[in-house]
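Have a look at this one before I ask anything.
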Amino acid sequence: MGTLTIGCFPSIVGNMGYDFALKLADAAVSKGHKVSIWFSGNATVSVKAHQKHLKDYSTAEKYLQALLAKGVEICTCEACTVARGIQKTEGIEGIQWNAMHWYLAKIHAADRVLQIGGE
Amino acid sequence: MGTLTIGCFPSIVGNMGYDFALKLADAAVSKGHKVSIWFSGNATVSVKAHQKHLKDYSTAEKYLQALLAKGVEICTCEACTVARGIQKTEGIEGIQWNAMHWYLAKIHAADRVLQIGGE
Amino acid sequence: MKLGVFVSDINLTVDTLDRLKADKLGLILVQNGVYHATSKVNGKSSSLLDKTPNLYVLSEDVTIRGLKDTDVDSRVKVVNYSDVVDLMFNDYDQIAWL
Amino acid sequence: MKLGVFVSDINLTVDTLDRLKADKLGLILVQNGVYHATSKVNGKSSSLLDKTPNLYVLSEDVTIRGLKDTDVDSRVKVVNYSDVVDLMFNDYDQIAWL
Amino acid sequence: MGDVKCAFIVQKPQYKGETSRLAITHAIAYQTVEILLEDGDTVTPKLCFIGEGVLGLQKGQNAMDVYGITSTESHVKNCLLVDLNVLVCKEDLDKYGISEDSLPDADDMGADMKIQVVPFSEIQKVLDESQHVLFF
Amino acid sequence: MGDVKCAFIVQKPQYKGETSRLAITHAIAYQTVEILLEDGDTVTPKLCFIGEGVLGLQKGQNAMDVYGITSTESHVKNCLLVDLNVLVCKEDLDKYGISEDSLPDADDMGADMKIQVVPFSEIQKVLDESQHVLFF
């Protein structure tokens, strides 16, 4: 079994780059791989707790909680997140907050890295 | 003097479409025009209060407050905002929360409309 | 129709501008659209500059990129945000962002 | 270098793919990249399909667009998310998202 | 002010960002705008798909099962149901090889409106006759 | 695991979204990653600018005054200051008519490193020798 690190930068709702990252992580962890996800840029918005699930809008919270429960490590860029006004106390429980070197450390440990850019 | 309605959909930090909308609004209101701004999609993230101003990251809060003080009407799409986990009580004071027809009503009243798409 | 169009990218991913007909067309180059005014690609100027004589580039978006007004093609007028507001209200009826 | 590349757009705004050299190149078409596999433009197939024999398209991103597996060019293998994970770990050393 | 005509032009594909989809939901909102307007005032949008925007108009979109969101198709059906004019550029359908048969309709919901397949010149007319043009 | 080589490839222009800029700040973070790694483990990024990415490398960027954010130029200078390898594709500089003189340097900050102008074949070598490639 391998180790996959995903860097996800595009923003949450309706941006399919984000949706792709989460579904890929789920597929990988379900096959027994070790998976970590790094959120930077606009994707950090998705760590805010209490997202309302409206059917016209994709939401991240329940998917992130499911991934955490399966053992996926998830970390948000703290600077990006607080710049958007979201404090750690307002975040989804279990998601880590750290600086950019967290991502580089996970890259060091990874067999495969997928960096998804875009907004 | 005229009336300008701006629809702004791209997201906040570092997305220059957003920065453009705010600076254009400021230039217009400073010349005596009446200006309203509608946030939809990812731009709704920018109404969250308590954004930390780090110099490597653009932030919206202080610019929005300055525009409000100059009489610019600003409204965020409520559905888009709560889908991102941001509640009305957590928003910047003075920004309105409404449905999409708010934008259409402001378009009705406008001499000029600028719709900025993109993410 | 007097149409003012904001162009914000180097590579337009839509061909809408090629098809639109307007009695008067203005192009306002902003963000990475400013490169149409400042940069030649393989020595060739952007074909956008041939579309209309009403060409404007946003000064603020030129300087943020380390470019200077002297880099701007002579066909393009350098304007600031305040000028853009006047263009929108005085010179065009409809405004588009492509 | 065995490189697996995700292509997520119809119009690539970068020409990186044209320049990259890889001992083995795989293209995994996802999101709006699936149209390279399903749609001809003016009757012509996407030139991406000539780049390598290792072509894959994500089934989920085909069906969300109202397209069917039968719309997919015969050179392209239809895969799901689980298959993509296997491709990433077994067939390629480096992964890029363009 | 009476009626204000607006052209909503979708020129980018669906299912990447959400802006192309928000174009449709914003256009639909025309039916409730009167609560914010004076008596007799109305907004009349026409929703036009051109360029890569036409790619979002194939029926059978399975968005809820796969990604947990409503499909563009369902939003377009809602437009037809509330009698919004939906126009699609014929040249662009031809360009991408999309047949008129594969466009969504809302017959099953009892809608009278259909998507109108028109040459680009008709969409140009919509632009000409609109007070405001909004590109997505 | 020892050293892990990574190629950070910036292929999109700066000052639209922020991802192209985050590429640079993430590469710089290599200098503090050792606090999270075992002794002897390191990450060595090389930061390469190709295609439209090279447009972000003109000196004299006035971002703080105009838009209130630090410039790409200042981030690139920080890279040079911490001895990060910064490569830029010569063919693309030529394509856009950017002279080597107009590239930023960090001489005023006492940096020894300079931006290296190289043919694309050298950037291909960076890709070949890297364990992981990250495109922005």
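Think of it as A, B, C, D, E and F in the order they're written, each chain with its own count starting at 1.
One rule holds in what follows: a contact is a pair of C-beta atoms (placed from the backbone, for glycine too) under 8 Å apart; a residue touches a chain by one contact, two chains touch by 3 or more.
Keep in mind the model is a prediction, meaning the values are calculated, not measured.
Using the mean of the Cα atoms as each chain's centre, the chain most removed from chain B is D. Relative to chain A, the most remote chain by averaged C-alpha coordinates is C. Pairwise, the chains sharing the most contacting C-beta pairs are A-B.
Distance from the chain B centre to the chain D centre is 38 Å, each centre being the mean of its Cα atoms.
Averaged C-alpha coordinates put the centre of chain A at 25 Å from the centre of chain F.
Here the spacing of chain C and chain F, counted between their Cα centres, is 29 Å. Within chain F, the positions touching two or more other chains are listed as 12, 15-18, 25, 52, 67, 132, 135.
Contact of a single residue of chain C with at least two other chains is seen at positions 8, 11, 13, 31, 60-61, 95-97.
Touching two or more other chains at once are residues 13-17, 41-42, 56-58, 112-113, 115, 117-119 of chain A.
The list of touching chain pairs reads A-B, A-D, A-E, A-F, B-C, B-E, B-F, C-D, C-E, C-F, D-E, D-F.
Across the interface of their complex, chain E is touched by residues 13-17, 19, 55-58, 119 of chain A.
In the complex of the two chains, the chain E residues touching chain B come out as 1, 4, 6, 12, 17-20, 22-23, 25-26, 28-30, 32-33, 35-37, 41, 43, 45, 132, 134-136. Taken in their complex, chain D has these residues touching chain E: 8-11, 31-32, 35, 39-43, 60-61, 63-68.
Of all the residues in chain F, the ones that touch chain B in their complex are 15-18, 21, 25, 64, 67-70, 75. Interface residues of chain B facing chain C in the complex, by the touch rule stated above, are 2, 4, 16-17, 20, 23-24, 26-28, 30-31, 33, 111-118.
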